[in-house]
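See the structures that follow.
Look at the two complexes coming up: chain A is in both, with chain B in one and chain C in the other.
This part shows the complex of A and B:
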């Protein structure tokens, strides 16, 4: 029997409230399937299964708030026989439920299978149904305040625990922007790339040579990540910030990254992300874009060990072959965790990003 | 399409990206990206939205013309009337 635990939802989220089950006892689940939707301070998160199996029992009810790591369901491993000793799966048919409660559940779309009853012999009452419906549909009490608290906790922990060092380099982007302009001019509007995609790809590729920038500091030691899952800092319109992962950035073509980035931003702003996106960024990138400041020195999101910041892309006076020219450029910064890397290697990492951005057609 | 309908359509496209936009609070002659907090992804989605609704493909090189809501309306009206700036209008152009 596999205990399916509520997975990590990122360093600043230590609990979640069950909004909806996507599985029922008897269902077959594959790795990556969505098993539940859980509300956190920052978003409603689609919880993905990390195993294959068959659902034996659901252990928590809609509306329950549980800490990360709590067993929320029991699954049978593939090939494992149904355990007759285990408590029987809940079934709406076999449970006591008042006719009024059943009717109301139908009206409100409440799933009786995942409901526990408070009436005699566990019977589901009208109140149970209405309480669950309210728990499912009620918005987070004050998402803004909760998000502020979550950010405060993670950033305070970062500044308490992580000895940050900071580096910056202004990188010329003439070649990259000219390449982008030519490419975008040939394509329909729906396939245009943003400069951000080139920057993300360059960062991910640079981590291959400087693995100590990409990973996590856990239990007093650095653990390099096998791939670059870049946490993309996305500001939310109502205020606040979220940095879900864009997966395997180094391995993907720019057009794919652009589609995935657009989808990630759209879902982050709609408040619908996947648990893997919340849990596994290996290096955060913050990009202030066209309207932002010239440079940014970020606070590392623990347990990550670095953050790369891009300021606004702008023309700057630039000396080239003894002449002063106007050069489109971006100030790139690295906030590094001094426990995991040193400034010298950090500087080489930034130089690698610079180098990669001079050959955009190779990205 | 008259200008008022076009304005409504443009504001509707903006609101898909920035739901907080209030039509009455928007000043048509001010820099649009100061009036509404639009990052580069928002802007691209706005351009894609206009493309889907009006079948007008706005080249990147023309973004700099689209400084205010008035400028966007002028640009769209001209493009819908004349077709693409540097290409012959398609046969189906009204």
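This part shows the complex of A and C:
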């Protein structure tokens, strides 16, 4: 029997609240299938299974708030026989639900399947429905405050624990933007690339030579990550931000990255991220875009060890071969964890990004 | 306010009616010289004379029939039947005649008759004198059925009953006659509505007549356990005041109906069926009925007590519907 535990979906997550089950006893589950939707302080996240199996039993009810690591379901491994001693599925007999409770549940949109009853012979009563509705809706009203608390906790921890150092370099983008313009001219609008994709790809490729920038500081040591899963900082319309992972950025062509980035932003804003995207980032990239400032020095998202910041792409006076020219450029910063890397290596990492961006067709 | 008893309140109601309307008279077995089997009419013959307080032969069929004739002839008779058990001898007069004349005469004749009778158990009078057949009469269209459970209703219901142009049956529970309390001088009550006797939020306890007191006692006991029961006195058993019952159900979402009649085909069955038909989606627990055991009411004290709804059994039923 496999105990499916509530995964950590980020350093700022201590507990999660079950919003919806996507599986039922008897269902076959494959690795990567969505098992449940869990509300963290930041977002409603689709939790994926990391194993194959058959659902034996669901251990928590919708609306329950449990700490990270709590078993939430039991799965039978492939080939494992059904445990005859296990309690029968709830659907075996008709649930007792009072007519008033059923009516009110309809009005409030409360899912009765997951409720346990407190009435005569375990019947679900009006009070059970209203209590569940209150538990489900109350935090939503305070969503903004919870988001702020989560950000506050993670950022305070970062500044308390991580000795940050900061570097910045202004990188010329004439070659990159010209290349982008040529390429986009041949493509339909929906497939055009944004400069952000070039920047992300360059960061990911740069980590190959400077692995100490890409990974996690855990239990007093640095652990390099096997691949660059870039956390993309996305500001949310209702306030706050979230930085889900774009997976394996170094290995993917630009067109694929563009598609995945657009999808990620859209889903982050719709509140339907997957658990692997929340848990996996190895290095966060924040890109202020056209509305932003010239440069940004970010706070590292623990337990990551660095954050790369891009200011807005703009033309700057630039001295080239003894002449002053207008040069499109971007100020690129590195916030580094001094426990994991030193400024010298950090500077080389930024130089690598600069170098990569001068040869866009190699990206 | 004056201190009085249920019996005295009934007597005062009759004395008042006899004074106010010369058409009113009382007849029945032993109501005159003896003063009534339950002493309700004691002293009235001395005050109003044998013409208006009339002793009758021991024939319920005959004297109820005579009452119907007097009513048709323009008088306002009050007929006392000793107990509801004995009234079965007059069922033909009540059901086939009194209740039907308005309809069968196309509205030409009405029967403004009031029949008073004792009902209920609890006094070791055995099966011939102890049954609760109010529900049978409440089944019959054409008559109004009242169950005064308080001093106020004992004093106040008779006069409006006499004003009703159709037959009215007034049930006096035998265990209420000695109940004493304070009563206001001017009593005016209606004979069409149910009353909330105790307001509460958790469960609706519906009772009438002799069991209202037990329902209120059960509610007080439950209050100490944190269950806030609303107690409704039906008062009028026909026609039923659905609106008051529904309003309470919509507030509490739980119903316990207390009825001294037997459960099968009972007034309790009718009340629960009406609520279920009209407000099914308001129920938060199955409705429960607390009724008498389905046996002829026993003579032996302990068996009689066991056969009747008691404070403890009412409270237990309430706990069940409240899930505690």
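Throughout what follows, the second predicted complex is superposed on the first by the 310 of 363 C-alpha atoms of A that agree within 3 Å, B and C clash if a C-alpha of one lies under 4 Å from a C-alpha of the other, contacts with A are read in each partner's own complex, and residues count from 1 in each chain.
Criterion: contacts are C-beta pairs under 8 Å (C-beta built on N, C-alpha and C of every residue); 3 or more make two chains touch, one makes a residue touch a chain.
Computed from a predicted model, the values in this text were never measured in an experiment.
**Student:** Given the touch rule stated above, what does A:188 touch, chain B (first), chain C (second), both, or neither?
**Tutor:** In the superposition, A:188 touches chain B alone.
**Student:** Check the residue A:100 against both partner chains and state whether it touches chain B (first), chain C (second), both, or neither.
**Tutor:** Touch status of A:100: second partner only.
**Student:** Touch test for A:196: chain B only (first), chain C only (second), both, or neither?
**Tutor:** Only chain B; A:196 stays clear of chain C.
**Student:** Of the partners chain B and chain C, which touch A:120 in the superposed model: first, second, both, neither?
**Tutor:** After superposition on chain A, A:120 lies in contact with chain C alone.
**Student:** Please tell me which partner, chain B or chain C, touches more residues of chain A.
**Tutor:** Of chain B and chain C, the partner in contact with more residues of chain A is B.
**Student:** In the superposed arrangement, which partner chain does A:211 touch: chain B (first), chain C (second), both, or neither?
**Tutor:** neither
**Student:** Quick check on the superposed pair: does A:328 touch chain B, chain C, both, or neither? Answer first, second, both or neither.
**Tutor:** It touches nothing on chain B or chain C.
**Student:** Using the touch definition up top, name the residues of chain A that touch chain B in the complex.
**Tutor:** 181, 184-185, 188-190, 192, 194-196, 235, 237, 261-262, 265-266, 289-291
**Student:** How about chain A: which of its residues touch chain C in the complex?
**Tutor:** It comes out as residues 98-103, 118-120, 123, 125-127.
**Student:** Spell out the part of chain B that touches chain A in their complex, as residue ranges.
**Tutor:** For chain B paired with chain A, touching residues are 18-20, 33, 37-41, 44-45, 47-48, 51, 57-61.
**Student:** So in the complex, which bits of chain C are touching chain A?
**Tutor:** Per the touch definition, chain C meets chain A at residues 253, 280-286, 320-321, 323.
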